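One chain, chain A, appears in both complexes that follow, with chain B as partner in the first and chain C in the second.
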Partner chain A sequence: MSSSSPSNRPRTIRVLLAKLGLDAHTIGVTVIAKSLRDAGMEVVYSGLKQTPEMVVATAIQEDVDVVGISSLSAAHMNHLPRVIELLKAEGVGDKLIIAGGVIPKEDGETLKAQGVAEVFTMGTETATIVRYIEDWWATR
Partner chain B sequence: MGNALADKVLAGHVPSAARVIRRLEDGDAEGRDALTALYPHSGKAQIIGVTGPPGAGKSTLVDRLITAFRKRDKRVGVIAIDPTSPFSGGAILGDRVRMQSHAADSGVFIRSMATRGQLGGLARAADDATVVLDAMGFDLILIETVGVGQDEVDVIKLAHTTVVVCLPGTGDEVQAIKAGVMEAADLFVLNKADLPGADEAESHLATLLHLEMNDREWERRLVRTVAEKGEGVAELCDAVVAHDVYLRTSDAFTSRSAARARHSLFERLRELALERAIDGIERSEELQHVLGAVTRRETDPYVGAARLWQALKN
Partner chain C sequence: MPDGKSVESYVSKREPIEQGTSSDDGADLDANFKRWETETLAPALESAPERKEKFRTQALKWDVNRLYSPRDLEAIDFDFNRDVGFPGEFPYTRGTDPNGYRSRLWTMAQVTGFGTGEDWATRADYMLEQGLDGLIIEYDLPTTNGLDSDHPLAAGEVGRAGVAIDSLEDMERALSFDFSKLKHLTSVCNGPQPVNLAMIIAATEKKGIDPASFTLQMPNAILIEYTCVGRYIYPPEHGLRVATDVIEYTIRNQPHWVPIAVVSAQLYAARANPVQELAFGFSIAMEYLDSVLERGLTIDEVAPYFSFITGVDMDFFEAIGKLRAYRKVWARLLTERYGAKSEASLRLKLMSSPGTMSMTLQQPLNNISRLSMQMLSCVLGGGAQTMTSPLHDEAHALPSEEAIAVGAAIQNIVAHESGTADTIDPLAGSYYVESMTRRIEDAVMAEIEKIDAMGGALEAIKTGYFQRELAREQFDRNKEIEDGSRKLVGVNHLAKDDEERQIELFALDPGSEQRQIERLEALRKRRDNTKVDAALGRVRAAAESDENLMPSVLEAVKVLATQGEICDVLREAFGVYTPDSLTSGV
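And then the complex of A and B:
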C-alpha cells in the first residue's frame, strides 16, 4: 500500500555487485548478495567479466546507491580507479564504492586514496559489510 | 509547467531517466512531478510483455531479442522484474547477467526491478517506468515478468504485445488449457525446442491455438526457439514486428492503449482511495468499537467494514 506522505517513506538501498576482469569465482559475491538481500537491500548482480564501462553504465541505469566490486584477480588496480573516474565523468560520483576479495594491504591503501570507500579482504564477516553500508546510508 | 528532471530525460540524459524511475519506485513526489511532465510525450512505443514459468529462458530470449532489434536500428528499453523476498523485503536482481553484452550500448536501457510485494508477476512501478522510457524515445520496451505460474498475467494490462514462453515437457494439454497464461498470449514461444518432447509440445500448443483462434482478428503465432543458440530469434522478431503492424493498421493499438490508460488510472485511483479511506478510518473512534466487536465475534468483518465505511462518509 502506498503512503500519503511519500517523502517520509524509507527508501530501499540499491546495490550493484559486479566482478571485474577475468576471474570466475562467484561464491564470495553470491554470499554477499544474499546477506545484503537478507538485510532488506535490492542487489543487482550483473555477472562475470565486466569492464569498467559496463559497470558504470549498469550503475547509472539501475540508479544504485552502492557499487561493490569483487576482485579475486589482480585486475582491481587497473579497473577500480577507472570505474571511479568514469562515474565522476558521468556526474554520478556520489555513490559508495566498496571493494572486496583478494586485495593486498598496500593495494587497498592506494585504492582508498583514489576514492574507494572501504576494502573488505577475505575473511570479513558479511555482517560487517552490511553494517558498513547501513551506517553510510544513515549519515548521507 | 516545466520540470528540470523531465527536460533532461527528454534530452536523452540517462542518469536523469534512471533517477526518475527510482523516485517513482520509491513513491516520491519528485518522481510524480517528472512523470506529469513526461506523460504527454509517451504513448508511441510498442510495449512487449515477456512472461512464462521460471527457467523458461525469458532473460536469454530478451537478450537475443535486444540484439535482433538493435540490428534493425530500434532503440530498446527493458524492465526486468524479479521477486522481492517476503521475509526481508530485499531482492537479488539477476536478469542482467544474461544481458551483459548490451551494458555499454547507448541504444539499450535495462532496469532491474523488484516486485516489492506486488502480486501478478509485475512490480508496481513497471507501468511508470514504461512511461519514462517511452517518453525518452525508446521504440520498444520489453517487460520481463517474474517467473509466473498459471494466473499471474498482469503484464497483459501493460503490454501491447504479450509473448508467452513455454518449455517442452512441462505439462499436458489440460495443464495448458487451465492456465490463464495461455489466454494471455499474442505470441507463443516454445523455447529450448531442442529438448526431448518439443514436437509433442508444439502439436499440443498448435491444437490449443487452433481451438481458440476463431474469434480473434490477430492470428496468434507459435515460434520455436533455442534462445541459447539464437535459433528462431529472427522469426520471433518478425512475429513481434508483424503484431505491431497489425496493431497499428487496425484500431487495436488505440484500443489497447485506451485499456492501458484505464488500467493505470484505476490502479492509481484504487491506491488513492484506499490510502485516504484507511487514513480517515484509522483516525476515527469508531474503529476501536468495530475492531473490538469483531474481535469478540459480536460483529462479522463484512458488517464491521460497512459500519466503518458509513462512519467515514458521515
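And then the complex of A and C:
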C-alpha cells in the first residue's frame, strides 16, 4: 500500500554473480556479493559448477541487468566466450557483462573484444566495481 | 555420541590458585609497574605517542596490551603442570614428541601437482632430490570432483591445478618415482577418496612397493568441502558415509596409513580466525569419530588414525598460540568427551604450513620473507610432525623449480641455522604466549559448545552456519585491506604501480590435456568392458547397502574402471549436492 508511485523510484539494479565450470574459489564472489548488496543492488548467486547454458538461463529467468562472472581457475577461456555467445543468441546481449578474478591481461583483452565490458583483476577495490556498475546504469 | 562424550568440566578439575609465598613480591611488582608507568613510560609517550589508537591481533582482533607481566598469568590461574607440563605428556602444550626436535626434525614436505602422471613423477623425483622427504600430491579439478578428463566441465582444467588421474594406469605413472626417498605422501582427493585410495593400493601392489615403507595420509576431509572448498559430490550425509568407509577400511586393512586428515588449513584459507579454525575443525573431526565408532571400533583403535593439517597466518603470536592450543584442545576433547586412554589417541598428529593465503601476488619475492617468519612460528609453536612450505610464486602460477628449491631451503635454514629447533617449546612461560594460548583454548571450547548446541558440525554445515561465519570474516578482512587498517606490504603499503613481474614462472605444456583425453579414450576401448560393467554393478550394490564401498571400488579400479565411471555410480546411488543461498555462504 505504498503511496508513492513506483515509477518515481529508481529500479534496483539486478546482478547475477556466476561461477563457471569447476572453479570453486568463492571468497571473491562472496565479498563482491555483499559489497553490491550494501550498495543497494539485488544479487542473485548462481552457485558452483555451472555451465554457460545454466548461467544464461538464470540470467534470463531472473531478469538481471548485469552478469558478473568470477573466475579463478584455468578455464575462463573455455566458458566465458560461450556465455557471451549464448546471451547474444537469446537476444539479451544488452546486459552488462563483467568478469573478475585471475584473468591474465592477454585473455582479458580477448574477452573484451568479444563483449565483456570490463575485467576486474585481483586487487581491484570493491568500490571500483560498485561505481562501474552504477555509472553504466546511469548512462545506459 | 559415545558415552564418554558427556562433559566433565575441565575448570572444576583445576586446583585452587596457590597464593604466592611472598606477598611482598606481588606488592613490589604492582608498585614497580606503577612507578615504571609514571616515571619512565609517561615521559616517553609524551614525546612519542603510540603509532595506533588500538593494537589488536590480526585475525581475532583481541586487544594487545602494551606489556605482559606475571599479573596476566594470575588472571588466567596459570598453573605450570596443568597448562604447560612436559613434552610428550598430557596436555601436550609443549609438543607431542618427548624430545621436541632434538632427536628428529619434522618431515619436510611440499605440495605439487600438474600435468599427467609422468609429469608428476618427474617433479616428485626433483623434489625428493631437494632434500624433502614428504610429498603432497594435488589432483586437478576434474579428478577431485570425480569426473573424467573428457567430461564437458573438465574442459580447460585437465592437469592444470593438479595432476590428472582417470584410471589405475595414470596412478601407476604418477607413482613411478623413487620411493626409497619417500617417508610421507599426502594424497588430496576428498570427494572421490575411496577411488583414490583404491588406485594407490592397486598401484603400489603392482609395483611391489611395501605399504609400510611410507605413510600415506588421505585428507578424506569431505565435510570441509561443503564448508568452504566446494569440491563436494554427494549430499553431506553420504559424503560422511563414504569418508567413514575409507577410515574403517584403512584401519582394518592398511594399518600403516592415515585415512583422515581434517584440513583446518582450508578453513583458515577461507579466512577462519584461529578460534573458528580449531572449533569448526574439531567439531568436524568429532562427526567422523562418532561415525567410525558406530562401526564397532573403540576410541583408542580409531583416534590414533586421525590427523590434522593447519596453516599459520602472519600474526606471529596468534600462530604460536594456535599451535599450542591445537594440541591441548585435542587431548582434552579425547579424554573429557571420549574417555580415550592411549597416548597415541591423545597425541595430535599435525601437519602445519605457512599459509598460502598470506602470499601476495604483488612483489612476490617478499613472500620468501613471509614464509620464513611463518616457518619460524610453526617451529616455535612446537608445530608439527610434518611441515610444508608453500612457495613464493604461489599466487601467480604453479610453482617453478626455483621456488621449490627456495621453499625447501627455508625449512632447512630454520631447522639448522636459527637454533629454534634445539630446545623444546622455548616460548613456554612467556606472559604473552601463555595468555594467548589459554585464551584461544577457552574460546575454542566455548565455540565447540555452541556448535554442539546446534547439533554438531553436520547440522552447522546443513544450516550454513560455518559458511556464513566464514563469509563475514572474508568480507571484514577485505575491508581492512581496502581501508588500510591492515597493512600488506606491496598491496596497500609500499605498493608500486604497474609493477613488472620479477620472477620466472612455470609454464605448463598446453598439449597435455589433449594427450590425457586420447589416452583415456584408448583405455576405454582396450580394457575388458564386460568386467568393468560387472565391477561397477558391485559398487552400486555396495552403495545401496551398508556394505563398505572399498572392496568393490578396489575391484573396479583393478579392471580399469575410470574414476568418473565409479563416481557416476555413486552419484546415481547418493544424489548430487547443490547448496542453496543459505548454505553457499554467498
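Note that in this section the second predicted complex is superposed on the first by the 136 of 140 C-alpha atoms of A that agree within 3 Å, B and C clash if a C-alpha of one lies under 4 Å from a C-alpha of the other, contacts with A are read in each partner's own complex, and residues count from 1 in each chain.
Quick note on the criterion: contacts are C-beta pairs under 8 Å (C-beta built on N, C-alpha and C of every residue); 3 or more make two chains touch, one makes a residue touch a chain.
In this text, all values refer to a predicted model and were calculated from it rather than measured experimentally.
Participant: By the touch definition at the top of the document, which applies to A:Glu125: first (chain B), second (chain C), both, or neither?
Facilitator: Second partner only, chain C.
Participant: For A:Leu86, select first, second, both or neither according to whether it touches chain B, chain C, the two together, or no partner.
Facilitator: Touch partners of A:Leu86: none, neither chain B nor chain C.
Participant: According to the stated criteria, A:Met77 is in contact with first (chain B), second (chain C), both, or neither; which is it?
Facilitator: second
Participant: Pick one for A:Val29: touches chain B only (first), chain C only (second), both, or neither.
Facilitator: So A:Val29 only meets chain C here.
Participant: Looking at the overlay, what does A:Leu96 touch: chain B (first), chain C (second), both, or neither?
Facilitator: Neither partner.
Participant: Quick one: classify A:Met41 as touching chain B (first), chain C (second), both or neither.
Facilitator: first
Participant: For A:Ile133, is the partner it touches chain B (first), chain C (second), both, or none of the two (neither)?
Facilitator: A:Ile133 contacts neither chain B nor chain C.
Participant: Between chain B (first) and chain C (second), which, if any, makes contact with A:Thr51: first, second, both or neither?
Facilitator: In the superposed model, A:Thr51 contacts both chain B and chain C.
Participant: Just chain B (first), just chain C (second), both, or neither: which does A:Gly21 touch?
Facilitator: In the superposed model, A:Gly21 contacts chain C only, not chain B.
Participant: Which partner, once the models are overlaid, touches more of chain A's residues, chain C or chain B?
Facilitator: Of chain B and chain C, the partner in contact with more residues of chain A is B.
Participant: Do chain B and chain C land on any of the same chain A residues, and which?
Facilitator: On chain A, the overlap between the chain B and chain C contacts is residues 33-34, 45, 47, 49, 51.
Participant: Which residues of chain A touch chain B in the complex?
Facilitator: 1-4, 6-7, 9, 11-12, 14, 33-34, 36-47, 49-51, 53-54, 57-58, 60-63, 90-92
Participant: Which of the residues in chain B come into contact with chain A in the complex?
Facilitator: The contact residues of chain B facing chain A are 14-15, 18-19, 21-22, 26-29, 84-85, 87-94, 96-98, 100, 103-104, 109-112, 114, 116, 271, 274-276, 278-279.
Participant: Quick one: which bits of chain C touch chain A in the complex? Just the residue numbers, please.
Facilitator: 141-142, 145, 147, 152-157, 160-161, 228-231, 270-271, 361-362, 395, 471, 474-475, 478, 482, 491, 578-579, 581, 584-586
Participant: Along chain A, where are the residues that touch chain C in the complex?
Facilitator: Its residues touching chain C are 17, 21-24, 26-27, 29-31, 33-35, 45, 47-49, 51, 73-79, 122-123, 125-127.
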